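Each chain gets a letter, A, B and C, in the order it is written, and its residues are counted from 1.
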Amino acid sequence: MPITFTLAELAECSGAELQGDGNCLIHGVETLDHAGEGQISFFNNTKYRRFLRDTRASAVILRPADAKDCPSSLLLTDNPYLAWARVTRCFAPSPEKGSGVHAAAVVDADARIESGAVVAAGAVIGAGTVIEANAYVGPNCVIGRNVVLGEGSQLLASVVLMDGVRLGKDCLIHPGAVIGSDGFGLANDQGRWEKVAQLGSVVLGDDVEVGANTTIDRGAIHDTVIHDGVKLDNQIQVAHNVEIGNNTAIAACTGISGSTRIGSGCTLAGGVGVVGHIELADGVHVSGASVVSRSLREPGVYTGGVLAMPHKVWQKNIARIKQLDSMARRLKTLEKALEQLRGKQE
Amino acid sequence: MPITFTLAELAECSGAELQGDGNCLIHGVETLDHAGEGQISFFNNTKYRRFLRDTRASAVILRPADAKDCPSSLLLTDNPYLAWARVTRCFAPSPEKGSGVHAAAVVDADARIESGAVVAAGAVIGAGTVIEANAYVGPNCVIGRNVVLGEGSQLLASVVLMDGVRLGKDCLIHPGAVIGSDGFGLANDQGRWEKVAQLGSVVLGDDVEVGANTTIDRGAIHDTVIHDGVKLDNQIQVAHNVEIGNNTAIAACTGISGSTRIGSGCTLAGGVGVVGHIELADGVHVSGASVVSRSLREPGVYTGGVLAMPHKVWQKNIARIKQLDSMARRLKTLEKALEQLRGKQE
Amino acid sequence: MPITFTLAELAECSGAELQGDGNCLIHGVETLDHAGEGQISFFNNTKYRRFLRDTRASAVILRPADAKDCPSSLLLTDNPYLAWARVTRCFAPSPEKGSGVHAAAVVDADARIESGAVVAAGAVIGAGTVIEANAYVGPNCVIGRNVVLGEGSQLLASVVLMDGVRLGKDCLIHPGAVIGSDGFGLANDQGRWEKVAQLGSVVLGDDVEVGANTTIDRGAIHDTVIHDGVKLDNQIQVAHNVEIGNNTAIAACTGISGSTRIGSGCTLAGGVGVVGHIELADGVHVSGASVVSRSLREPGVYTGGVLAMPHKVWQKNIARIKQLDSMARRLKTLEKALEQLRGKQE
């Protein structure tokens, strides 16, 4: 039985303005070119304008300026992608997470599971831990001692929260994420490494999302801190004592080294590396696969790296990198020599 | 008790031509330089020719042209590494996976476990899911609802398959892999991020291998699709709505951004990054640690990056990168000035 | 109830020389600027000298030469960070891991759990495996058959050790690590890939640390070998048949390709990539995000890559990389032409 809404209901939930048949029944979402009757789509990227006029969608979310190009009922808004996000969430299947603590979960007698919280099969929860109201601990998650999982927060499956980690409300942690593992702290004793105990923890604010197999290390002395609204994609590494500001979004495979502070409203694209002990200002945007080696005090876009090209082109040119300094000096010498020659001629 | 075959049996299983004693008993595989009696080896790389003449292996797999250099019994073939692959599989220990559903697994009453399938201890399987004949769900795996695990496919341990994911036949998924986690879809509302529900799923064809701790996200509207025979190494990230063509092989630590289509018969070496919304043609090969930022329409080898060199050499030269444009302009100016000077002299 | 030591006890455990009140009670560690009464701090980095004179710490670990600048009791040593490491470990909370085999663990009848070893809830252990004295198998770990977990070694949570893996004494394996997954060995048969069975295993020496979600593949024929005292951070990928020498430390997100040998006493910073079949000498240090493509026979520091810069600066200059060879040739041509002109003038 599909989920169904009237278009008027979707206008309401998305905050967009209805133009057309509010009673029209919508049972799903689709792209402009694939949509058919009963489906809603959106138009946000001019690249797809050719699909707009011929769409068979029953309704389309778009900007008022584009309304004339579209044959269907409309939801009008200045931020179509935001309205789209809200509509997609209407159609997300309900989780059916069961209720209470599953018989095959292992919860310490000194843990507290608050009302409406669900603990799935195979989860293991340590002493002193609090699972707040309506939180969800998915199958095979492991939660240590003295952890706080905030109200409504969800650990989807096989997530590990180590001792003392604290999550705010409405966090969403994807499978395989590890939060609160030891930071990489080592002291050298004549070649041999000795461990520096990692005595801080990890604190996540409210509404933080952590991707699959992402790791966030506990701090050495103080805590690693991820502020409200931060969104982390898959396979990100956050080292000890990093701080990430409100609403910063970081794409997959990025690594942040220890004690670095990232401002709020930043975006780091995929595969970025950030060295330790530096600061990125609010509103810094780092392009994919770039390596940030010093503090970035000004907002703006930063990029590094040499992108892929046909191998022979790369091979011929990249060897010259090691001659760059010499080339620059020879250029300077030539300029001077030419100046001299000209002088003589005049 | 070691596994033992006659050399004739190994000729048969590998498709190579026997030359020598078919009754010779082989109980294991070894490299040319370490092999002794009862062991089989192979010669595929001319770099190791010095080991060939003196090998003490009872049998060697090689090309007919190399037969004269080898004292042992032989398996002759034009593709020694392929024959070797088949021989190694003969010696792989049988898995002994038990049978049926382990008492310490938690299988929803509405899941179906077909004949010959095995579900190990600690596995958790949701409603509506089908584990097809002879499939294997290893210890502590988590499988959501409405998943299909195809005939003979294996999840080795601690694998997570989220709701609605479908795997074909004979797939092999290594520990810690997560398939079907949410794609990283976010809409911005005046600085705050709102989630775009990820309503597609992930579909794997037949004979797909997925490495340890690799993550494959579910699609936003349509599915993420991995076609037959694709081989993914460890710690790869495949974002939402990516499509990977038949028999493409991707080495570890590579990340593919959203909606990118990779052709068939491609190879991506380790640590590669591919941006979103582009296409790689069939037969594209990307060198290790390269970043692909635009569609590659022609087959061939593509490379990027500046490889490691002694730090002082790097330091002296790399700073000049920021002068490259100015250097190029100054070079042009010099060429013109010189031309002028020459003109005057004539 | 906080852990408390006298300063004399901390001098003893850290190997540093006491100067001041040995009876002073210390209940925790802090940074110089945040420390108060009952807390110990350390001074190792001249950058923080301004905090030294005004610290309110009850004791500070520092070099004798810095003693005059500090108002508190002191622990004097030539290696303050090492003494600090030892002091932090005094304050690390005791693990309280329970005892024996938890009722919710699944241990094969043919596995051997030695005295003092602990197996937590949800762990699954296969036949022929030995968990040596005082070792710890954390919640939801999966251990295959014929594994050896050495005396005092710890698998913190959700760790997977595949068949035949052997760990030495006092190893520490963080959550989500996978050791002994198949190496990425494939033979091509006219486009289609066939698997090369990975018949080796993984051997870890004593005192090895493996970070969260790190993966170490089993060897193809011989073993992958990680020697004593090696420290691996999170999300590292170690491919089949790699060998890593004593006391080498590798930071997060680094990938080492197959059959590469890394010497002892090396450090690889975060995000490094190392190609296969090469050797790094003892004492090689690789800077963050560098890609090593050939053997490094000499100790020293190696670096590669083009670091992030403002996007417009990057955009203007990086396109010139493809002109580098032509620029170098044109420079040469100019030099010759100028030489000629000069000759004519003389």
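Convention: a residue touches a chain if its C-beta (ideal position, glycine included) is under 8 Å from a C-beta of that chain, and two chains touch if they have at least 3 such contacts.
None of the values given here were measured: they were computed from a predicted structure.
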For the sequence-identical pair subunit A and subunit C, what is the superposition rotation angle on Cα atoms, to the nearest 5 degrees?
-> 120
Is it true that over half of the residue numbers where subunit A touches subunit B are used by both copies, so same, or is it different?
-> different
When the centre of a chain is set as the mean of its C-alpha atoms, what distance in Å lies between subunit A and subunit B?
-> 25
Could you say which residues in subunit B touch two or more other chains, in rising order?
-> 104, 122, 140, 158, 176, 213, 235, 253, 305-307, 309, 318, 321, 323-324, 327, 331, 334, 338, 341
For subunit C, which residues count as touching subunit A in their complex?
-> 29-31, 34, 79, 81-82, 84-86, 88-89, 91-93, 96, 102, 104, 120-122, 138-140, 156-158, 172, 174-176, 209, 211-213, 229, 231, 233-235, 247, 249, 251-253, 265, 270-271, 288-289, 305-311, 314-315, 318, 321-325, 327-328, 331, 334-335, 338, 341-342, 345
In their shared complex, subunit A is touched by residues of subunit B numbered 104, 106, 122, 124, 127, 140, 142, 144-145, 158, 160, 162-163, 176, 178, 181-182, 184-189, 191-197, 199, 213, 215, 217, 220-222, 235, 237, 239, 253, 255, 257, 273, 275, 286-287, 290-294, 296, 300-307, 309, 313, 316-318, 320-321, 323-324, 327, 330-331, 334, 337-338, 341, 344
